[in-house]
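In the two complexes below, subunit A is the common chain; its partner is subunit B in one and subunit C in the other.
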Partner chain A sequence: MTAATAPALELDDLNVAYTVRGIDRPVLRGVTLSIAQGESYGLVGESGCGKSTAAFALMRYLPRNGKIQSGSIRIAGQELMSMSEDGVRNLRATQVSMVYQNPGAALNPSIHIGDQVAEVFEIAGGSGAQARERTHEILGKVQISDPARVMRRYPHQLSGGMQQRVVIAMALAKDPALLILDEPTTGLDATVEAEVLDLVALLRGEFGTSVFFISHNLAVIRRMCERVGVLYAGRLVEEGQAETVFTDPRHPYTVGLLRCIPKGGLRKDVHRLDSIPGFLPQLGADLPGCVFTDRCGLAREICREHEPEFHQLGGGHASRCHFHDEAQTLPRTTPSHTEVPKRESNGVPVVKAEHMAKTFHQEGHDVRALDDLSIEIRPGETLGLVGESGSGKTTFARLLLGLTEPDQGSIVELEGHPLAPRIAKRSSDDVRALQIVFQNPDAALNRRFSVRRIINRALTKLVGAKGEGRDTRLRELAHSVRFDVRLLGARPAQLSGGLKQRVAIARAFAGEPLVVVCDEPTSALDVSVQAAILNLLADLQRDKGVTYLFISHDLGVVRYLSDRIAVLYLGRLMEVGDAETVFSAPHHPYTEALLSAVPSVEGEERPRIRLEGEIPSAADPPSGCVFHTRCPRYLGAICEEQEPPLAEVERGHFMRCHIPVDELRRLQAEPPPPRARGSQAKTTS
Partner chain B sequence: MIIFVAAQLLPGDVGRAILGPFAAQSSVDQLNEELGTNRSIVVQYGDWVGGVLQGDLGDSYAFSRPVGDLLWPALKNSAKLALLAFVIVVPIGILGGVAAALKEGRLRDRVISIGGLSATAIPEFVWAVLGIMIFGVWLGVLPTTAQAPQDAGFFTQVKYLLLPALCLVFVLFGYIARMARAGTIESLDADYTRTAYLKGLPRRTVIRRHVLRNSLLPTIAVVATQVGYLFGGLVAIELIFNYNGLGQLIYRAAQRQDFPLLLSATLVVGVVYLVATLIADVLYSLLNPRIRLASSES
Partner chain C sequence: MSRPEEQVVLAEHPLPETPRGEGDEEARVARRERLRLLSRSKTFLAGALVFGVFVFCAIFGEAVVPYDPLGSPTDILNKLEAPSSSHYFGTDQLGRDVFSRVVVGARDILVVALAATLLGTVLGAAIGLVTGYFRGLVDDVLMRIVDAFLAIPLVILATVALVALGPSKVTLVVVIGIVFAPIIARTVRAAVLSERELEYVQAARLRNEHAPYIMFAEILPNVTAPIVVEFTVRLGYAIFAIATLTFLGFGVQPPSPDWGLQIKENYVILNGGYWWPTLFPALAIAALVISINLITDGISRVFER
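After this line comes the complex of A and B, so read on.
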């Protein structure tokens, strides 16, 4: 086979192990796959299943304790296993490149962008001047508007989206046969993610590069890939055309994963998400039978003893399950529906915030993080708060909790009585009533304390519980968050991410709070764990009538859990209304853009609207409507001159836009406008 | 201020210290009268501060000479010693640290790390005594005092200073090597280093261009703060090698309760510390674009 016709990547029975305490623990178990030239292949699976190991193995860049035990890796027809160090380096320089998560760390902080990119051309043997010229060209290709200026910058001076463009430019500079993308958009805002994905799709067409796309996000994979492989415990358990695998999954693991995702139309007051019970097997565990047996609702005797073959189902679709034709009958671990009694509301909002504002002073600039926000939260409801990073979501939460002092004139009321601006001045009842669950339980829980001590401490501090009464409460709490009481003696480090988040939730609920602020509580978790936590939050609300302020960048999650949704942009409330109202047209143009940025796991194509440029600096917000610099429905001069009021366009549905609501409804029923006004959409920095 | 009060709390008086234990009490009183040391502490301190503000460091009680005349040669000598030690230790320390980091956990790393740590843990006067024994007495290749004869040429001076400088090198090596090692290891683990490898750069280039640039930043900051120690903290070394540097001057001044001299010498050491730290900060921000450009950012 010549290099011209060879597949971009061929893995054959690849086995990789990490040596931990002198024992080889298998991480990849006989992975076989191939990616044709120009094809894009997606690899999905939860964290710890070996996705990234696969990527690094085929760059021959494993940690020191990792080794490829057997198998073969061929990139563009060249066998890597028998290659010399120089050969591998040459291959990296010419044939294969990689983009991974967190572009900020992937770029060298003390070298100019231009020099870092030019380096790739220099390795290929270009002169300095040539390299710079080509750098300029490639940065233009990744749609960086002013390459010359960006070349003179350092990585920290660019936004996350720009940094990832630079990394992609570096990866494509060598015109590789294979491009590996390892979670390239994880951690980026949905709007930025959409842009980066668009860019990758566009450049793939232009360069004809094969793509190996690794992600835990099924919707992203569905959007980006033609074929997909599902990895579990280092084993490829299902493979096929993306379309087929997502609509007709034939492995119980794939079926389970797909059921975990909060899809449009699922609501917390009717539905419960399914989750996958149990945990990934220990790294390098001995698995004689099917790798998924322990967590599979369909497992039988044969599954424990005999590893299933990779059953070919036609059309390139294959499943490593003895009972692949029954996979979709996988029993649910949670009932799919739930009864929620209608709640009587006496009309008094549990939280009422009026004219909330916060100005930070930074190096002589006034940064308006939050600007005149007035909103009510009704008892027992979930208010979802969405917006890009920097929109003021977290600031608002911190003001409510009294962690940050708001500007003069801000008013927060709890059940009709005003709250002191700082938590130190609040009564213990008020502190107890407002609690928070943070994004990262690792940072929120004291590592040196046992779970028992963490929760007990909350019980003592918040409700003054002691002795036997406290023990009883502790057990009740653990039970209500489905935390095994036998694990109470463990320290946070010994628990999985999902269990840690349960502890954090138990802590927040220790004092029977009225309102719990959930700040991205599931964004660090795998989908199956996320589903379990979302179910838990929904159940707790049903049973205890607690109110949530739910902050998330994941619109699917927000939609599932929220009764009402507030959309923030640059510290201003752009739209608020019932969840379904906000999610269905007419929406504010900003909401419309946010929704359109999110890929869907069902594969339905929403009309594409892309926000260009970056969120403007809050230190110097645009005149008039703050969104006018990026608005896809820009009306005219009025948008730049007058700030539109927050008007009630339908019952209980407020919007801050100059365009009349009927006009919006008509516009949003049509195909999206072309990406005009590009020149105006650039930020002025 | 603290030094002044601390010195006052010491027993004994200045006149007695200068004239010796057998002098008549009347002479002692007379001397104290002349020097002004029978006045109250506050007045003496005020006097000195007033002088310093006018650029006059006052007169030494014990040597009956202006403090400046004693101070500047001492400072010059100290600077020579510090410079020599510095020129030797910084390259070796950094080299050692980087060499250890590149073989983290292996034999080479162990030897350098443990060796460096042990060398640092042993006080400088022990090294001094050992050095004198081996090079000065047994081998006889180096002089046992540091003070070169008058009008000695550059190389002779270096020869005389080599032994004390080596003692300082021993003390500082472990410290600098450890910083360089930690910085390099951190930088080797960083994502950008991985990016550089995956670009297909050879290992040498990756380390030179991508790793070292970031890893030596913290080291440079630490090294610069050591300048202060090299100038002012060398009392033991200077005594053992009988070298007329700041350390010895401070020691003598303290012994004789010679306040103007003591205070001025400590002031100079303090200023050197301050300048060294300032240089360290400036250097750090010059080399680190994140700090350098932070203000021009917005």
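After this line comes the complex of A and C, so read on.
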């Protein structure tokens, strides 16, 4: 086969192992896949499945204790396994590019963007001047509006989305045969993610590059890839056209993964999410028969004894399951139906915030992180808080909790009585009443303490429990968060992410709180674990009547769990209303854009509304309506001159927009208008 | 080189969730793992071996040496004998056996160095925790004082203090401890600054924990690694400092077999060709400091993982 017609990538029976304490532990088990020229192939699976190992292995770039035991890797027809080190290095320099998750770490912080990108061209053999010229050109291609200016900047002066554009520009600079994207948008805001994904799709059309796309996010894969492979415990368990795999999955693992995702319309009060029982097998565990047996609801004797072959189902769809035709009958691990009794509301909001504001003083600038926010949280409800990073979500939570002191004039009331601004001044009842579950359980739990000590301390401090009474409470708590009491002696590092988050939830519930702030509680977790945690939060709310302030960038998750939703932008409340009202038109134009940015696993494409440019700096917010600089439905001068009031457009539905609600309803029924003003991403200065 | 790549792999795959018993046992497992890694480190083993010999000398030195290190009335007859099979390291101007003096001399320097470093570490860790945790005004004031201390050369500060307080082992311990505290405080403060941003500290504040509890019960256990490393680094410097100060006459007084003192007493006769009473104590200082540095290397690599 010549290089011109060979597939961009061919892996044949690739086996990779890591040597840990002298023992080889298999990470990839006989992975066979191929990516045709110009094709985009997605690899999905939970963390620890071997996705990233696959990406590194195919460039022969494994850590020192990793080795390729057998198999073959061909990139554009060239066999890597028999190649010399120089050959591999040359191949990496010319044929393969990789884009990693964290663009901030992929760029050298002390070299100007221009010099970094130009280096790629210089290695390819261009002169200095030529290289800079081509740098200018490629930065334009990744839709950076002022390449000359960006070239003079250092990486830290650019936003995350802009950095990722630069990394993509560098990756494409050598016109590679294969572009590997390893979670390229994880950690970016939904709107920025959408832009980066759009860009990758656009450039793929232009350059004809083959893409190997690795992600844990099924919806992103669905949107970006023609074919997908599902990896579990280092074994490719299902493969096929993206559409087929997502609509007609034939492996219990794929079926389970898809059921974990809160899809449009599902709500906590009528539907429980399914989750996958058990845990990913330990690295290099001995797995006879089918790798998924231990977690599979359909497993039978044969699964334990015989490794299923890769059953071809036609159309390139294949499943490594003995009972692939039954996969979709996989029994649920949790009952799908749930009933939540209607709550009685006595009309007194549990939290009432009025004119909440917070100004940070940074290097001589006043940064308004939160501006005149007034909101009520009703007892027993979940208020979802959404918005891009920098919108003031976390600041609001911190003010409420008393971790940060609000500006003068801010008022927070808890069940009708005013709360002291700082936690140290609050009564012990108030302290107990407001608790939080943080995003990252690794940082939220003291890694030197055992689980028992972490929860006991909360019990002691919050409710004054001691001795036997405390032991009983500890057991009850562990039980209510479904945490095995036998693990109470373990330290956080010995637990999986999901178990750690359960401990954090138990700690938050130790003092029978009224309100629990959930700050992105599932965004560090895999989908199957996320589903279990969301179910747990819903159960706890049902049993204890607790109120949640739920902060998340994942709109699907927010929609699933929230009764009402508040949308923040630049520290201002743009829209608030019942969850279903906010999610169905008419929306505030900002909400509309946020919603359209989210890819869905069902593959239904909402008309994409592009948000141009980046969030303006809170130190220098735009005049009038703060959203006017990016608004897809910009009206005219009035938007720049007057700040619209937060008006009640429907019962209980408030919106801050000059456009009359009927007009919005009409506009949003049509396809979005093309935006006239500047269509390229702008840099912040 | 350490092998960070192993950690990458382990971090991605959490340990199995099977019950493993109680937390104390878990702590033991972690400690055993660290010891296992240390026992594989050649630098650490080499350092520990040499250091162990010196500790042995310090404890049992007097019992094993062939001669009385403080000398006997008849010694003067054998003064300045070159190294031989009866006097391995020769004899000094008073005819005392240099080998015996070097062996027994390990005790004073080790005890004083350990006590001084311990004092400095405890003080420094406390200052570092307080400044790092509170930041703001407390941080500014304390750190400026620390800076002022750092600006004064050790020897000058020590000289003044020793002259004022009179030379004794306790003075040495206090002076070196106080001089080291600011340096250790800086390192600990840096570690605390990043640690206090972690959410478990906020979780503690949300229980309305008092600052001392947060600093000493929550944060301190998480910054032990830099403190231990700093302790071993400073131990090496403390030995140099003690040797320097005794050499200058401000430390231990004659007829102690202190190494710095031996060098002071004998370096003037170096150009007379009598190298042995100076060389052997000097080598002992060098060997001890190097062994501690090797141990430091080994420990910091294990902690870095």
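Operating definition for what follows: the second predicted complex is superposed on the first by the 678 of 685 C-alpha atoms of A that agree within 3 Å, B and C clash if a C-alpha of one lies under 4 Å from a C-alpha of the other, contacts with A are read in each partner's own complex, and residues count from 1 in each chain.
Throughout what follows, a residue touches a chain if its C-beta (ideal position, glycine included) is under 8 Å from a C-beta of that chain, and two chains touch if they have at least 3 such contacts.
Worth saying up front: this structure is predicted, and the values here are computed from it rather than measured.
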- Could you say whether A:Ile111 touches subunit B, subunit C, both of them, or neither, answering first, second, both or neither? first
- Message: Contact-wise, after the overlay, does A:Asn440 reach subunit B, subunit C, both or neither (first, second, both, neither)?
- Response: second
- Task: Give the label of whichever partner, subunit B or subunit C, reaches more residues of subunit A.
- Result: C
- Give one of first, second, both or neither to describe whether A:Arg453 is in contact with subunit B, with subunit C, with both, or with none. second
- Query: Taking the superposition as given, does A:Glu363 touch the first partner, subunit B, the second, subunit C, both, or neither?
  - Reply: first
- With the two complexes superposed on chain A, say which partner A:Gly66 touches: subunit B (first), subunit C (second), both, or neither. second
- Message: Using the touch definition from the top, list the residues of subunit C that touch subunit A in their complex.
- Response: 3, 5-6, 8-10, 12-17, 19-27, 30, 198-200, 202-203, 205-209, 218, 221-222
- What part of subunit A is in contact with subunit C in the complex they form? 18, 20, 47-48, 52, 63-66, 279-280, 282-283, 401, 403, 423-424, 426, 428, 431, 434-436, 438-440, 443-453, 457-458, 461-462, 484, 486-491, 493-497, 499, 504, 507
- Message: Which residues of subunit B touch subunit A once you look at their complex with the stated criterion?
- Response: 190-192, 194-202, 209-210, 213-214, 217, 287-290, 293, 295, 297-298
- Query: Which bits of subunit A are touching subunit B when the two form their complex?
  - Reply: 59, 61, 89-94, 97-98, 100, 102, 105-111, 119-120, 123, 154, 156-157, 167, 170, 174, 362-363, 365, 617, 619
